[in-house]
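Below are structures written as structure tokens.
Across the two complexes that follow, subunit A remains constant while its partner is subunit B and subsequently subunit C.
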Partner chain A sequence: MGAVPKTNTARIDAAGNEEQSMAFIGKNVPAQNSPALVAGAGLYTGDVKLDRMSYAHVVRSPYAAAHIRAIDATAALAVPGVIAVVTGEDLRAKGYAMPVEGFGEGVRPKPFDLYPLAVDRVRYAGEGVAAVVAEDPYTAKQASLLVDVDYEESDPVVDAERGLEPGSPLVEPSWGSNVLFEARMSSGDATRIIAAAAHTVGGELHHHRYTGAAMEPRAYVADYDPYRRTLSFWASTQCPHPMRTLLGQTLHLPENDIRVIQPNVGGAFGLKIPYFQEEALIAALSLACGRPVRWIAERREDLLTGGHAREGHFRWQAAFEPDGRVTALKVRYVADVGAPSALAGWGQSYVTGFALPTCYKIRDTDVEVIAVTTHKCAWNAYRGFGKESASWLMDRVMDAVARETGLDSATVRLRNFIQPEEFPYPQNGGAIIDSGNYPQALKRVLEMIDYANFPKIKAEARAQGRYIGLGLGQELTPEGCSIAGTARFNGWDGATVRIGPSGEVTVLTGVTSPGTGNETALAQIAADRLGIDLAQVKVIQGDTSICPYGLGNFSSRGVIIGGAAVHVAAGELREKLLKVAGNMLEVDPGDLECENGKIMLKGAPFRYVDTKDVVTKIYADCHGAAACGVEPGLEATRYFRHDNVYHQPETQGRYSAYPSWANQATALIAEVDPETGLIKILRYCAVHDSGKVINPLTAEGNVHGGTAQGIGGALYEQLVYDDYGQLTTTTFMDYTLPTAMEIPHIELEHQETPSPFSPLGAKGVGESGITSPLGALCGAVEDALRDFDARIDRLPLSPERVWKAIHAREARA
Partner chain B sequence: MIAGEFEYFAPKTLPEALRLLNERGNDCKLLAGGMTLVPIMTLGLAQPAAVISLNHLPGLDAVEDVGSALRLGAMMRHAAIAVHPLVLQHAPLLAAAARAIGDVQVRHRGTLGGSLAHAEPAADYLCATATLAARFQLQKEGRERWLDATEFFVDVMTTALEPDELLTAVEIPKQAAGSGHAHQSLRRVEGAFPIVLASAQIAPRYTAARIGLGGVGPRPVVLDVGDLVQGGVTPAALEGVGARAFDAAAQALSDLNGSGEYRRAMARVYARRALEEAAAALGAGGSR
Partner chain C sequence: MKISSNFALARPRDEVWAMFQDVPRVATCIPGTQITAAHGDNKFSGRVEVKLGPIATAFEGDAEHTPEPAQFTGMIAGSGRDRGAGSRAKFTTVYRLTEGPSGTEVAVESDVTLAGAVAQFGRTGLMQEVTNRMLQQFAANLEARMIAEVNSDAEHAPAASAAAAPASSMNLGALLWSSLLGRLRALLGRVRARAHGRRAEDEHRAH
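Entry: the complex of A and B
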């Protein structure tokens, strides 16, 4: 791979080396928005009330694959209170095609047409074919039952592998196959090494389809004003500015006539990244009716059409030495990404391949990714964004090598890790992994769980007839993605910092919060940069008419990119304050520091001015001696681009979209009831490393949430389609989510290995924790069931699946 | 959100409710706690022209001591049954079943009669009331009748209730002091609907023993296992009870949460476990 190339941007400043107040960074500051959210006083899209509001309901296809022969809306239009019925053909006639750019340069789907409602044919059960707008939501829903759609059903593609077979029905007939995207990422010659190796192991691994289940389903209010020709759009979204761009392109409106507002969001997890058909649809309906239109997804609609994730099949082979070192790895990954869409979710299949072989140093790797389109709901981004599948695969590879060599799983991992002194490390997929100390994190978590004593504990339990096992999960979570050729997923963002005449500070950001508390971390960063009290800082996010253009919230970028932009913008104001304070104190500004609302001489804190007095000088005395040398005003808008991204392979020797690599070592002990297959987690220990932690309290909250979702995915959650392409899990009766009772106490420690590439050394934390339960639970269950030689190669670990794994050996015998 | 208009009635007396039911029986639904009716109406699986709420009827939410039995009003909420002193004293198995249902919110809304009339085969009450040899009071205008569990539960989500009939009360024979009971279930997560469940009720000195199974067929299955436990709950007795449960579960159906094969195997496991737990509680007094 060669040496780490020079990057194309200058460092802003050295990681954490610059002297500044650290009164709030690194402290447990409760999230500023929490009191309102916990009290039920959050303001969500569903709380938006407008005069003349009308309500939309979507008529959805009952078939996975069908030709639309005709739509007759006569009966629906006759219902009193119905304002309009709109079909896909109506929207096509207006030219409302949705832009499909995929996941950026080199990661694009084959071309296809997409409209806010299906035109000519439906591509998954639940796809919208018409929409009813009415004076109240009940009438809209009732009238939608009267829209008569004449379908001609056809055979759906419901299995990716079968979709690749010749003669399979096609989701997009013009493509000639069901391959939406494929990529091969090779380094060295894995095929040759595996063929010649003395020791090899391989297998298959199946990740099932599931998704995040936000408490708040998708919700939009669109208000087109036909006189001013402006569109206001309230959305439960993660990305207001990109949404504005997309709506403008679809509806042929100038972007500055559109205002997108993100009220509080009741959970997003990547699944509220644009661009859903309903987003374009609700705006189009408001344009058509000249009235505000509201739509809130029902739970069934959200499970049916709100974006799915995962569902992929690995076939892998590895060569290894008797000491446990893996020398080559070959992977073929077939992902079932659902129907073609304007969502970027299918890009997860690419990221799975890109992230391999995660934390490990394996010289020769050959990774093939095939994203297959099927007649199912499209993938959208879901926390983990494909990295979870990569880390899960590597956990299974390491456990398999441990089994083959007779070594323990921790030893095998330790012998394969990238070593701490090898960072920044050029990984096979093209990435430069910024920093890490995997051995230290794993060793610490082994101490926490008393790994050395576990064989004894296990033997004691076994003597009592109990089956307990220990499993390890090693997750690597590349964050802050910057994809070439897409303004939706680029690696920059902006912040405005404004100090008002009373000394209060307003921070406006392009990044947004899905309810996880990044506003608090951003306030901490601004407060410390300016040396003022946190209570003086207010953060405003999610309104395109007042916030700087920014890309919103995805890939854990709120702090690493948004926080860095705040740091830089606040730094510009800090310089101005120090300059004026220097004039007031008649000292060199370079000798000043700010802290506690004062600007003082370093080493002589009794020589100070109140920061507020400096602000007053700038506002009230712009021609005076102290402030006449600086530009008036106290407002700075600055943009930040993360270093450690490589988009110029011809000069940089690589393409890498991910600058920041958080990681976690997890060890858990689980008990399996051998009679029923039920699993109970007895202990859960983790050491998490996301570099410098800005707010340990909210960081832990993120890890806890991710962990719960990871456990949910490993044990309970599953979206099940039948052979006809019907989703059978459309309520929470059937889509089983874990409750607080199933989630164990999480014993969590932080290890801080700062990133050398970001101003504060911080890495992303938004997706942490979701990955390691997968591998750790598989490992623990196999360990607990060693007597039965049970093998786990498929999730979720439902009681019946585990029970069958226990009985598989009897069945074979 | 429920689409479509329907008439809504909230009768204040039982005769008024029965009269409405007589008039509208075929096109109406009864609303008790709404824990089943509201979701199925939201999903469009039921679109009744009228809904008759039972929530304003007096006297259907009490426990009455009728000598050898307790008579529970059909509108009793699970949370009330779970802690009622008479239920805990004389039919603690029913309290245990009530405690196992759903979550706190469901237990405060859902009712005994609503769950029984819906007759989902894996519901906690079906298994428990069948095990306890409960009797069911059905009323319509001008008629009252009492059915036992084998008569009342007909098929998957089907009871003997006629369209104009209302389940008004459930009578549970008092269990002797010192009896043992247990109610066990296999669920994916806390609060989820059971996959397989087993209730056990053992009389003092093993003079009688019954096991109820749910989720293993279209109706609750009750096994009289008194003959197997005469000598106490020995390993042989457990094996015998398990085998009988396995045989009784031959009709177990498959769904997302478990195949028929798995449910059948779990019938064996849970019958044994319920019996063991009930035996351990023998002589320990009323509540568990």
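Entry: the complex of A and C
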């Protein structure tokens, strides 16, 4: 391990280091976008109405694996109102290949061809084989049933482990195997230590397949206007600019002919990161038909083809000391990433390996990641992005060591944590963990849940015939990722801050909001930087013709990268304002501060000018004495790149894609009904640390949402495929989401350990909370069922599985 | 998906066997089933309609019958396509007739593969129950028809199949309801009232 590089020089200011107004940062400010969303006045892609609109319906393969022998569209084309039927072959003939991006040097899928519709063969049930465009959506759908596709079925690969066996059918025959990507991340000599250790423990863990289910399914409207040479593309997406780049590459259009607009997005969770086949398809259909084309996924289509996540199998082994310290860890992770695609989901398998051993100081680790392609829906990014699996594994390792040593789970974690004084900490995978105080967070959450008293509470419950248990979940969530060589995932973003002649401030940003409220945080940052009222700030996102190029929304980057760009751009305007104000007040600009709409002398606030008057000087008096020394105009576009990222292993000895490391300690108490296996969460306590919190209200909203999805994943949600590669959970009757009835009250506190690397010390918060329910629930269920020696090594914790775990000992006997 | 069912007919085996060799005639006894064309060589085209609550399926396709008279067994294999939802189905059904105490025992084993939208019904044992109930109705129709034909033969009258239920589209809404009630009763017998039984989790691929 090399020395930790110095913190960056481009750092602007850590929290409180530079004097600036903090009137809004750190305050509970209701999200600016919320009133419209709550009032039902949100404008979504489905609300886009255009003259001559046409409607697309996708003909989808009923088979998971099949050769397409022929497609006959004669009957469909004869239906009145049908405008066109397009097949994969038509798109291939136009050269509309979809670019498939890797995940940095050496981390990429093996090569394959991808088109917006299947060509020659289908690779998962539901893959589009043709599309019908018609005057109305009903005609499109009815006619799509008349498209006659002649398939020759073949045996699908539906299980990753079996897909690795010799003789298995192949998803991509040219690869010679079903391995899409594999990597080994080793540090030290785990194999030798484990072989020589006096104490070892190991096991297997299986994470099931599930996904984020946005209320708004995927939706696109494409309108190609050949006279104005503009493709307008409205999309329920997270990443308008990268979408523009990708559409340009696929359709051979210059990027300045494309305008991508992101209306309100009704939930995204990573799953609306491009590049879906339907995104390229709908744009291509508009080009082909010369008409606006609309497509909105049906629920079944979205569950079938909208991107899945998770589903992986761990085999692990650890060496430990009798005092609970883990000395080495070996992991083999086989991930079932579904069909090859242009989505980034498969990269989650890599991140799981990269994030290990999370917040623990285990120097000797050996992690093998094998991403296996199967005839199932491709993974797309889903909140957690593989980090959740890493933290879940570590929770299970810590609980296993506690069981083996007879120590309690909290003690084992406390003995293995990276200590607060050891930050910035170079983690085994190459990352620099910026900051944290894991012991403090865990100790605080133990206080909240009254850990010391729990054995008594548990004994009392047991005396009443009830089985309750306490479980711990420790999550580490690297955020703000920057991946070398991708159009989509670089760690920079742009912001334009503009002060108009009347003093109002407009922020244009490359980051977008999927409804999480980051626009409000950006406004808070701009308002405080300029010392003005929040009400004067308007944030505009999600339009490639208006906003500076930026990468949109993923990896909780809205504040850490987008917010920093706003901070820098507003800072540039601030300097200009102070300079002119200094001229007006005849003082050194360095002695001025701005606050509350005024620019005043530090320590002598009665000497001030109204910020608005300074703006007027710049706009209306550009040759006057006060403003003639500055460039006219009040607009700054600046870009920010996070510096705690390392992409040059040859010079720095490390590759790290993640600059910002949020974390959370969770403790929960759950009750298990031993007769039915039903789990009820009685208490849920968490201490969350994402550095400086810009807006506690929206940050809490993010953690609550993440927690609900984590509980849903641990207990209720599962995408089930049958042996033929048919998805059998294609409605919300079968894919069961938790409701307010299932989610307990969340007792949440924030701990602030500012990042030394980012302006304002903020870290990402968008993925927080989704991880710790997995480990905490497994721990709580095992604790509750100690009498039965029940072991949990598989999710979800459905009543049936828990019941079986209760009776497993009898079965073994 | 493998589905096994048994039923008994109060008719002699030879008579039942003879009946089974007349596929179009047997088909009229299967709820919702219709033979639309006989191509010779035991090859047929047909249509099966099943309503499952609000979902109506109508599979059209081809089947081939391969009898093994020496063993009183036969195989029917076919595939079909539901244009209403773009689903496809394949099946292989093997029937075996044995002589029972009160007539003929019929064992039916099917292997059904569903693809497309209809595949979701392959979960949770629902198909097995629906098939069982369909076969019960089939057996009743068949028996009624055989008895009616024996009687009408005796009277040299034209085939009076009025006793047989019309082979109209089978409404499994009602069937499903009774099936669900049966499941619910079984569940309530096992589970205490406090379990609200929210998630009938599918453990199909669990172990």
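Just so it is clear, the second predicted complex is superposed on the first by the 805 of 813 C-alpha atoms of A that agree within 3 Å, B and C clash if a C-alpha of one lies under 4 Å from a C-alpha of the other, contacts with A are read in each partner's own complex, and residues count from 1 in each chain.
We take it that a contact is a pair of C-beta atoms (placed from the backbone, for glycine too) under 8 Å apart; a residue touches a chain by one contact, two chains touch by 3 or more.
Note that the structure is predicted; figures quoted are calculated from it, not measured.
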Which superposed partner A:V38 touches (first subunit B, second subunit C, both, neither): neither
Which of subunit B and subunit C A:W803 touches, first, second, both or neither: first
First, second, both or neither for A:A195, with subunit B first and subunit C second: neither
First (subunit B), second (subunit C), both or neither touched by A:A604: neither
Touching partner for A:C628 - first (subunit B), second (subunit C), both, neither: neither
Partner chain(s) touched by A:D734 [first = subunit B, second = subunit C, both, neither]: both
Which superposed partner A:Y138 touches (first subunit B, second subunit C, both, neither): first
Touching partner for A:E298 - first (subunit B), second (subunit C), both, neither: first
First (subunit B), second (subunit C), both or neither touched by A:Y63: second
Overlap of the subunit B and subunit C footprints on subunit A, listed as residue numbers: 144-145, 300, 675-676, 678, 716, 718, 720, 728-729, 731, 734, 736, 798-800
Contacting residues of subunit A [partner subunit B, same complex]: 137-138, 141-142, 144-145, 298, 300, 675-676, 678, 716, 718, 720, 728-729, 731, 733-734, 736-739, 741-742, 798-800, 803-804
Of all residues in subunit A, those that touch subunit C in their complex: 59-60, 62-63, 125, 144-146, 159, 300, 673, 675-676, 678, 716, 718, 720-722, 724, 726-731, 734, 736, 794, 796, 798-801
Subunit A partner contacts - residues on subunit B that touch it in the complex: 1-5, 39, 42-44, 103, 186, 188-193, 195, 256-259, 262, 265-266, 269
Subunit A partner contacts - residues on subunit C that touch it in the complex: 1, 83-88, 113-117, 119-120, 122-123, 191-192, 194-199, 201-206
